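The same subunit A turns up in both complexes below, where it pairs with subunit B and then with subunit C.
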Partner chain A sequence: MSLVNFTTREITCKIVYYGPGRSGKTTNLQYIYGRVPEGRRGRMVSLATKTDRTLFFDFLPLELGQISGFTTRFQLYTVPGQVYYNATRKLVLQGADGVVFVADSQARQLDENIESLQNLQINLLDNGMDVRDLPVVYQYNKQDLPQDLILSKRELDDALNFRQRPSFQADALSGSGVFETLKGVSELVLRRLSEVSTA
Partner chain B sequence: MRTTRAVEGWTLVPLERFIMESGARLALLMTPAGQVLAQHGFTRAVDVMSAAALGAAIVSSTGEIAKMMDEPEFRALNHQGVEHGIFLAGFETLRGRLLALVVYGTDSSMGLVELFFQTLKAELVAACPVEERREPVLAADFEHELNASLGSLFGR
Partner chain C sequence: MTTDLNPRYSFETFVLGEPNRVAYNAARSVAESPGASYNPLFIFGPTGLGKTHLLMAIGNRAQSVSEGFSVEYLTVDEFLEAYQVATAMGQADSFRNRFEGVGLLLVDDIQFLAHRRPVQGELLRLLSGFQESGQQMVLTSDTPPADIEDMDERLLRKLDGGLVVDVAPPDREMRRQILEQRAEERGADFEAEVIEAVAAFEVGNVRELLGLLNRLAAFQAVSETPVTADAARAMLDWEVPAEEAVMPIETPRAAEVEDDPFDMTPLFIDMPETDEFADFLSDVSSTVEQQIEVWRERLAASILRWQPEGYRTARLEQAMQSDEVMAPIERLVGQFEADIGRLQEMQEAMREVAPERANDIAFFDPDRVAEAEHLVQKAVRELGALPGPSEAYSPGAFVESGANRVAVTAVGATVSDPGKRYNPLVFVGGPGVGKTHLLHVVGHGLATRDNFWVACMSTQQFLDELQQAIDDDRWDAFRARFGKVDALLIDDVQLLAGRRHSQEEFFYLFNRLLEAGKQVVLTCNVSPRDIEGLDERIVSRFEGGLVAQLDSPDRDLRRAVIIKRLEDLYGAAELDLVDYLAARPASSVRGVLGLVQRVLSAADARGVDPSGRLARELIEGAIPAREDGSRSIRTSGVTSAPGVIHSQDKVIWRWPDPVERIIEELV
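Here is the complex of A and B:
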């Protein structure tokens, strides 16, 4: 739930990058961390295994700047994508203001994407949240791979994005689409604050 | 230098008193999602935002282990280091569950922190007002400023 401090005029929102294992959630945060000036971001915390797979979460605080006179901060989290880390995925989702669902565009990963999306809905419900009310955007990552290996944006929208939320093609390694995805989810999250405060 | 910041003003007096009486270096109040509601003390002791995110994760994960063992939630968690220790605990208020993360050094102790935490908890529960009416925060045409902010963030 967004925190609004009327005294110091600050807003803090929590955004969670969700999706199957190796879809590129951590890569999104690493790209953002590398691009954003040091004064506008905090330390990136990664709780990872020895092989750099996310164990609990990655965490990156960002300062967007002044919006409507409020200093606006986003706290970006990733969840571990591997199936057996569901308990920690559910914990990281607590209090999320928005979700970026990072899908792997490879055709052979479609079942994993669908399974992860279903898992997102179950975990949101377990946390007392309704996916229909939550700002969610889709990122179709790895679109740089050869065309015969990946699904198109239209095919992925058909398979995953049946609520017709904003969706973005990306290649998180090179950074393509990372900015657009963050902008997309930011707009949805802040739109809610222009309608009603959740302080 | 001691720093005090609070999203919710009613938290400040109990928090300041707690730091003074317990001798702790820093106390953070946060939501179960890891967002900081208030802080008082020597913020150089830790990176506040990261500590809050990690502290909330510790409380959540140990809470799940307690559930697996059919235990009521763990009352408090202590991690004692050589120079510093941390104390973590959750409690219910009219505004829902809150968590406290306390960092203490050699000029305090686990016992002192636990002792004065009980007072802090009681004072916060008593001071907590009911939730205020929700009103729009941002102007309806915030997108222009958002685009400019994100553009400068990514050097575009």
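Here is the complex of A and C:
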């Protein structure tokens, strides 16, 4: 699926929230869901265990209406963060126009973040996509936790964001930083519209 | 290029206060009778005080007052852009004309016209025209006209001649009203003293004021008890950046929906509405619009690139004017530029052929590529038509037999698939076996193809053309002319032997045609390899195609030729005569026909019908001594088939029966 279809005049952005287990991906989508007026969102599909771990993926379709003559939609997905659901992650990544990497800011989660980031690169490669070409932004979540438990934005940038992509601090539970992140990735994705030449 | 009026901006939703009363009244009066009261109306004031609101309210009202009334709203950016595009395309007139039917023109933010003299001039012209024809114009700016830097004096006078009003920042009373109205609109319930406390903040504009209200609403939604005036004051005094001002909120989670783990539609209590989504939407919209702007710029760049060179850019202009982008921009522009490339090629070709016609308008219109191509073709033809296949060699008159079957088969393949199968196709054979005829048969076959140009000529004609070009010093034209044919058919190429320069030119042309996939067909009286003084390069290229041998006619062929000739002349052929003549050997069809002709002439002279008897008498009665015949055998051996060499795989060759040859020579 391409970002823009000139024949049907549609822009469809598929954005995937990626990251280690329990970093707050689903929470991001839930927050967004709560902020989108009824008519603009589809049903949020969320397949999770009783303990709140995403089992398959979350899916939230947003209808942004007509923009400059194009029917514009966003499709937000999360992947299951737990290590053993890799097949699903790979599947969800297919055709992604942009990725939000949701990192857990807690210091003790650093290894999980790094591992998940490597896993992202491998899965992209397996899908024939190149992480260098793909719009990616970072979200450092759970910044509301006590300072001595978490890493700062700079520390996290150093550890994860070596390509200097946009990064955002967030507290997805309260919603702070959630829309900033979404805007950040949308902007990167949409900038590609003028580069896309095939329908 | 214009922005739609936002229906939310009406006079009803505009909060009226002392600071904006004059502007409000003027706006209403203009809206209710456009063109009749103040024209132009100029509204100025700092940002965020509702100038755009007023402007759009005027438009909305005017439209509702009289149906079908045409209103246009433009930001100065849009105005500027429209103007620049129009002038870049040399169509300042079209810019003016587009406002002809507009009853009310609303132009926002004209302070951005500072230092832009040409557009100011244009606005002045437009304004004068509007006043004359009773069309209304309303303008806004963040400063009074006189404070806009570097403004045209005449424009200033024009603006001052209308009504200039200002909107000032809201006073406390007005702020209170605005807050109340907004709180009510969004269903937030505040104590009166809270509103009062917020209204007390000296904010510079309405937008900031609404920002305060948003924060308060968010705060109220998460607190257990209603916000007090003190709390409000304390909160609004916070000078913290928005990002850190995160309020901890208990959010119900999807997991709390216990029963069905697969129905995880999250439940949310109504969250304080802080328009995050609207904000996001406007962000996305503006990014998309920017991108589409990039497409437009790409169009404009291409227009500006080609128009000064004289190319017609209507196609791109149309795409640019349509509000929506119609096709992938790269494809659109790419096709356009490819068409220009083709036009340039055509023009270049025309310069070679007929320089005086190289500036025809068609060469500058990418929508007329086909026409340009046609012009060039025509010019090339007019340059001196190259001869085509001759009517004297009609396809129907060619008689097929075992002696020429290979060649005939090759002809079929060549006619149905020129340039693809045998290229070049070379007919080799002794004199009179039908090489030339077959060459023209190919020509006729090819000439029936659509738009297919066949040149068919003797080597002598080719040499003459070449000589002429040398004499006139028009090499280019010569090459252009021959280079344009779809098939080149040349008879008797053995005549090139020993002519080094001509061979060179021939070689050049020959290669060019072959490379372009054009068909070349040649005839030669001996195998090319045996032509002395023919460049090896040429010989090997000939052999790279198909060298097809035409043999001396066998008995079947002779018979067929004789019957055909007699039937053509008399409608019937006497069997005895046919048999007798066919039995006589001949090295060429020409020879056979000569024989028939002799009998016919004799019959004619004697006033009798041609018959076997007559033929016998005529021919056998005239048999010379056998010795003479044997002498001519040797001669014949030398002249009729001098070393016709056959490359085993490509040439089929049957040596004529020597006995028959002897007799033939006796004829």
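Just a few scattered comments:
In the analysis below, the second predicted complex is superposed on the first by the 187 of 199 C-alpha atoms of A that agree within 3 Å, B and C clash if a C-alpha of one lies under 4 Å from a C-alpha of the other, contacts with A are read in each partner's own complex, and residues count from 1 in each chain.
By definition in this document, a residue touches a chain if its C-beta (ideal position, glycine included) is under 8 Å from a C-beta of that chain, and two chains touch if they have at least 3 such contacts.
Everything quoted here is computed from the prediction, not taken from an experiment.
By the touch criterion defined above, A:L182 reaches both subunit B and subunit C. By the touch criterion stated above, A:N86 is placed in contact with neither subunit B nor subunit C.
Once the two complexes are laid over each other on the shared chain, residue contacts for A:T71 go to neither subunit B nor subunit C. Look at A:L193: by the touch rule set out above, it reaches both subunit B and subunit C. Touch criterion not met for A:Q106: it reaches neither subunit B nor subunit C. When the shared chain is aligned, subunit C comes close enough to touch A:T26, but subunit B does not. Residue contacts after overlaying the shared chain place A:S46 against subunit C, while subunit B stays out of touching range. In the superposition on chain A, A:A96 makes contact with subunit B only, while subunit C stays out of contact range.
Residues common to the contacts of subunit A with subunit B and with subunit C across the two structures: 11, 35-37, 40, 43, 45, 47, 64, 67-68, 70, 72, 179, 182-183, 186-187, 190, 193-194, 196-199.
In the complex of the two chains, the subunit A residues touching subunit B come out as 1, 3-5, 7-8, 10-12, 14, 35-37, 40, 42-43, 45, 47, 56-57, 59, 61-62, 64-68, 70, 72, 75, 77, 87-88, 91-92, 94-96, 179, 182-183, 186-187, 190, 193-199.
Within the complex formed with subunit C, the subunit A residues making contact are 6, 9, 11, 26-27, 30-31, 33-37, 40, 43-52, 58, 64, 67-70, 72, 144, 169, 171, 173-180, 182-183, 186-187, 190-191, 193-194, 196-199. Subunit B meets subunit A in the complex at residues 5-7, 9, 31-37, 47, 49-50, 53-54, 57, 60-61, 64, 132, 134-140, 142-143, 145-150, 152-156. Listing the residues of subunit C that touch subunit A in their complex gives 243, 246-249, 251, 253-255, 261-262, 264-266, 268, 271, 276-277, 279-281, 283-285, 287-289, 291-292, 294-295, 298, 323-331.
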